[in-house]
Amino acid sequence: MADIVSMRECRGLHVVAQTPFREDGALDLDSIDTLSAFYYKHDAQGLTVLGVSGEQGKLTPDECIAVAARFVRAAQGKRIIVGVSSPGIAQLVAVAQQVMAEGASGVMICPPAGTQTDEELLRYFDIIFARIGDTPTVLQDFPGHSGVKMSPSLIRRLVETFPQIAVVKEEDLPSVTKITRLRAELGYKVRILTGNNGLYLPQELARGADGPMAGFSFPEMLSGVYDLMSRGESEAAHRLFNTYLPLLRYEAQGEWGIAIRKEVMRQRGAMECAVLRAPGPTLNAVDMAEIGDMIARMEIGFQFDTRTLGR
Amino acid sequence: MADIVSMRECRGLHVVAQTPFREDGALDLDSIDTLSAFYYKHDAQGLTVLGVSGEQGKLTPDECIAVAARFVRAAQGKRIIVGVSSPGIAQLVAVAQQVMAEGASGVMICPPAGTQTDEELLRYFDIIFARIGDTPTVLQDFPGHSGVKMSPSLIRRLVETFPQIAVVKEEDLPSVTKITRLRAELGYKVRILTGNNGLYLPQELARGADGPMAGFSFPEMLSGVYDLMSRGESEAAHRLFNTYLPLLRYEAQGEWGIAIRKEVMRQRGAMECAVLRAPGPTLNAVDMAEIGDMIARMEIGFQFDTRTLGR
Amino acid sequence: MADIVSMRECRGLHVVAQTPFREDGALDLDSIDTLSAFYYKHDAQGLTVLGVSGEQGKLTPDECIAVAARFVRAAQGKRIIVGVSSPGIAQLVAVAQQVMAEGASGVMICPPAGTQTDEELLRYFDIIFARIGDTPTVLQDFPGHSGVKMSPSLIRRLVETFPQIAVVKEEDLPSVTKITRLRAELGYKVRILTGNNGLYLPQELARGADGPMAGFSFPEMLSGVYDLMSRGESEAAHRLFNTYLPLLRYEAQGEWGIAIRKEVMRQRGAMECAVLRAPGPTLNAVDMAEIGDMIARMEIGFQFDTRTLGR
Amino acid sequence: MADIVSMRECRGLHVVAQTPFREDGALDLDSIDTLSAFYYKHDAQGLTVLGVSGEQGKLTPDECIAVAARFVRAAQGKRIIVGVSSPGIAQLVAVAQQVMAEGASGVMICPPAGTQTDEELLRYFDIIFARIGDTPTVLQDFPGHSGVKMSPSLIRRLVETFPQIAVVKEEDLPSVTKITRLRAELGYKVRILTGNNGLYLPQELARGADGPMAGFSFPEMLSGVYDLMSRGESEAAHRLFNTYLPLLRYEAQGEWGIAIRKEVMRQRGAMECAVLRAPGPTLNAVDMAEIGDMIARMEIGFQFDTRTLGR
């Protein structure tokens, strides 16, 4: 239970980590060290590995465990949360147990497509928690991906029934109003972290979210916005956010967005190779030039902004 | 409210009626008289017009009203329930009001695709009933078609909140266990009629259903099974059902099943032309021969059964 | 055929128009005049009325025709394209014929959910065009909404088979790469306009799109970006786009985004009342303050930008 | 390639095997021997293990391999085809390679939900076959389960492009007309086996299918119908089929049908324990009595039929 209490303290940037592959699509475990260092340098308080944008669905369970274990080894004392969602409960439970044995801080679970009605969702988590015991858990509310909608009142019931749920990752659009409602229904029984690639971050934080759980090729923006908002420097937070928004919105295009993100991160030295596992998009020369332009423009804006406004 | 009370009395066969078209796909309103006579001759206590297998989705609202009005004119004092489900509430309400003005006994509503969570479903019907007032209503529970699942506890809440719901058309598989649960939760506050083309009728009746609301090219089987079950002649009911089962299962193949049903009904003189509106299947010579064989075999079985068993 | 040729000339901003309602949800036809003037003042070359964000799905066919007719009356010689997509072909055709009779320039069609395989899609449009004849048509490629994916090679086959398709509204993500492929496959046989609330507009134009077909509460940004890009002033275009991006991304949140957009447009005098038809979101004080902040910040940025950069 | 040639010879009954569990949901590998014997006694020419009704989705990959290996050990020289469909390609490939190493005869693959357009489907199988090489493959065409529709012309392209596809398991409704079309398009390049719980078996065989690939608690009916049809004894085949049809249709109710099937098979001595893995239905006393009645009635009918008609 100590771990659940500790998970309930989480706030600030939790990066949804990429999974690095080699050109041939094999796992590149060594790059996980570089990648972790990159994230922590930019103030990640923890990582969520093997989320949707971590290409979890393309790995075998054995690979999932190897990746999680390597992130744990490179954790530098930070929280490692492992995405274990799966259409099958046995696979979810097996992976959850093994990554916890490897030293993970907790798991993230999104109910599988087709789990409808409040009744079925309660039953689903009942089966899960009977098996994974007191594993600290992030409940992922992401109907845009899973097709599963959970009302605020159901989320309250889940949180009250299953104390293992320490965090809700809220990405049901409009996330802003749902965060307002969840805060009203739940108080501070759980942390609320936000996803959707950080696309609504300043507003979500103003509504009471405890931090971003998202990926972006410039994680310093996500931690920076969080810090500025925490210190009450709302205008500076918005300015920082807006400077990066053109690229942020560009990375928020499903798998193709991930391809962009990995390429930018490769250029920044965070990983050796930007490739996605098949079936996934590959970038051509036109795409690369487009990214280059976007970053150049963003950097000019950023320098300009810094110079002019004294940030 | 008198109408809701009367709707709450409904039991026995309510045929989900076909909509007759001409060769060119135009409505054939005149055939509605012949068709109605055919259904009533075979002991229909009422009709559900413009259900899924009545091709409602292929008609304009004006056509829906014309079809419903004609069935009302030909009703011979029987109940005419009109399917008004629609992705849009305004269209649903407009059609509901107009068919009630034309003399319909009530409407049937299935919540539209994408209406998830107990909360949203309650809100949906709240909006609907605020507009259609005390229109007697059949709640259609048909997730196989709509993608919307409703738990027994939600159905109880809907029935308790909206007294207009006089009947539940139960076709969530396995319908048998859901009927058992609904009877336990609801008692006899509402009638339960069953769908799924009648494919589980004897078991559903034994579980407490009040009758079939289904289409079949031999409606005398549906009414016959209901009557036999009502009189406690369970074995005879099963025997009758099983004799027709090969064709019944054959008609339970979505739109192609409807094509088969209309063709058999045409051969039996119930309608002039068996055509479905586009896009819909058309039958070729191989299909026609297959149907012919199935009916011939069924009739031999039936005569044999009758002779040997003295039914 | 003259009309198809003319439709094939369309480029520049085509606003996806809102539909104005009164507080009680009734149509507010009079506001269509004000609204049209607002759009044309901001350089709309045409309007697409009754698109997804025009709440088409919540109107009856009669209401659709009334709305389209009023937009035509207020068109000031501009192109009025009417969204006629419907799960049912008869309704689609009836509305298409009537809005063309009212003077619309063309229709927009997105194939309905469930229409899968190249074969089915070809058959679907075959049935449609057999009935609507030479009505100039925008093919809407919007799998995020419809669930229907169309490959570039299928789109080419559709365009080659049905000369009525004068424009493709491309909003399959990543739209940028699909636009590149469509230009390669199609040349300039059709125009390509882009949607997704304009969220990727500068890149889409650079890839060869002919203009935005999107809604935004500041349509002057959409036309401005188009004009700047057309004149080769790419940097200025990006700067303009980026200034508005925080609000643009905020309006790109499905129905809630539409609620935001209508409220901002109400504040700008474009319409009397910002209400959406039920079931739709309503804004509360927190939401209103959030919008206010976002616009204030955007305007400061805009003035600042203008002053500093001499735009 | 020898194996592909051999797979292309398959005809007759291929049972979609159940997976036996203990009361606590653990795999019961020992029961696989009893179960295999039961299937072969009733004339199975091969088994398809870990299909949809084999609860594949509830097993971990390691469990899948253990189950497949045990079925191979108990195969008595019969063909063991292993269902390896998975949302993730790496998992599909890993399991496919391992079960082939364990001695399986081939694998069965259904493309995952969301794989739309002819282009994407060709690409999907291109990636798969680049990795599993010349593994003999059953292409499962089952849109009712997967949501993926494949037109006959696409299936022809797949078969012509990937010689590994030795069999099509055809269960897209109406399967009868699709079988007719596939035979016309493909000739005898591939075998066509049929699924849908065998619900349309006599008609499918008459249309040119090579046998059932289905589960049923009385597999002797499936092999019997196949044999009678092969010998041209169509009337006897139909009579046999129709006798079992009431139970057959009862087992064709998704997961609940599997619960029924396993219970009947347990009563027949085919396995120790009828339990399904969670989340799955459990049968109560009412359900058990209903099954009992159905079987009793079926057996009376069968004896009666045998006695009277001299079968």
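We call the chains A, B, C and D, going by the order they appear; numbering starts again at 1 in every chain.
Note that in this section a residue touches a chain if its C-beta (ideal position, glycine included) is under 8 Å from a C-beta of that chain, and two chains touch if they have at least 3 such contacts.
For reference, the UniProt names are A, B, C, D = Dihydrodipicolinate synthase family protein.
All values derive from a computational prediction rather than experimental measurement.
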Label of the chain whose CA centroid is most distant from the centroid of chain D: C
Repeated interface matching A-D, over half of the contact pairs identical, chosen among C-D, B-C or A-C: B-C
Comparison of B-D and A-B (more C-beta pairs in contact): B-D
Geometric centre distance via CA averages, chain C-chain B, whole Å: 40
CA centroid of chain B to CA centroid of chain D, Å: 32
Centroid spacing, where centroids are CA-atom means, of chain A and chain B in whole angstrom: 47
Touching two or more other chains - residue numbers and ranges from chain D: 120
Partner chain C, residues of chain B touching it in the complex: 57-61, 63, 87-91, 94, 113, 120, 123-124, 127, 277-279
Of all residues in chain A, those that touch chain B in their complex: 116-120, 143, 148-154
Chain D residues touching chain B - in the complex, by the definition given at the top: 173-174, 176-177, 180, 199-200, 203, 206-207, 235, 238, 241-242, 245-246, 249-250, 253-254, 256-257, 281, 286-287, 290, 297, 301, 308
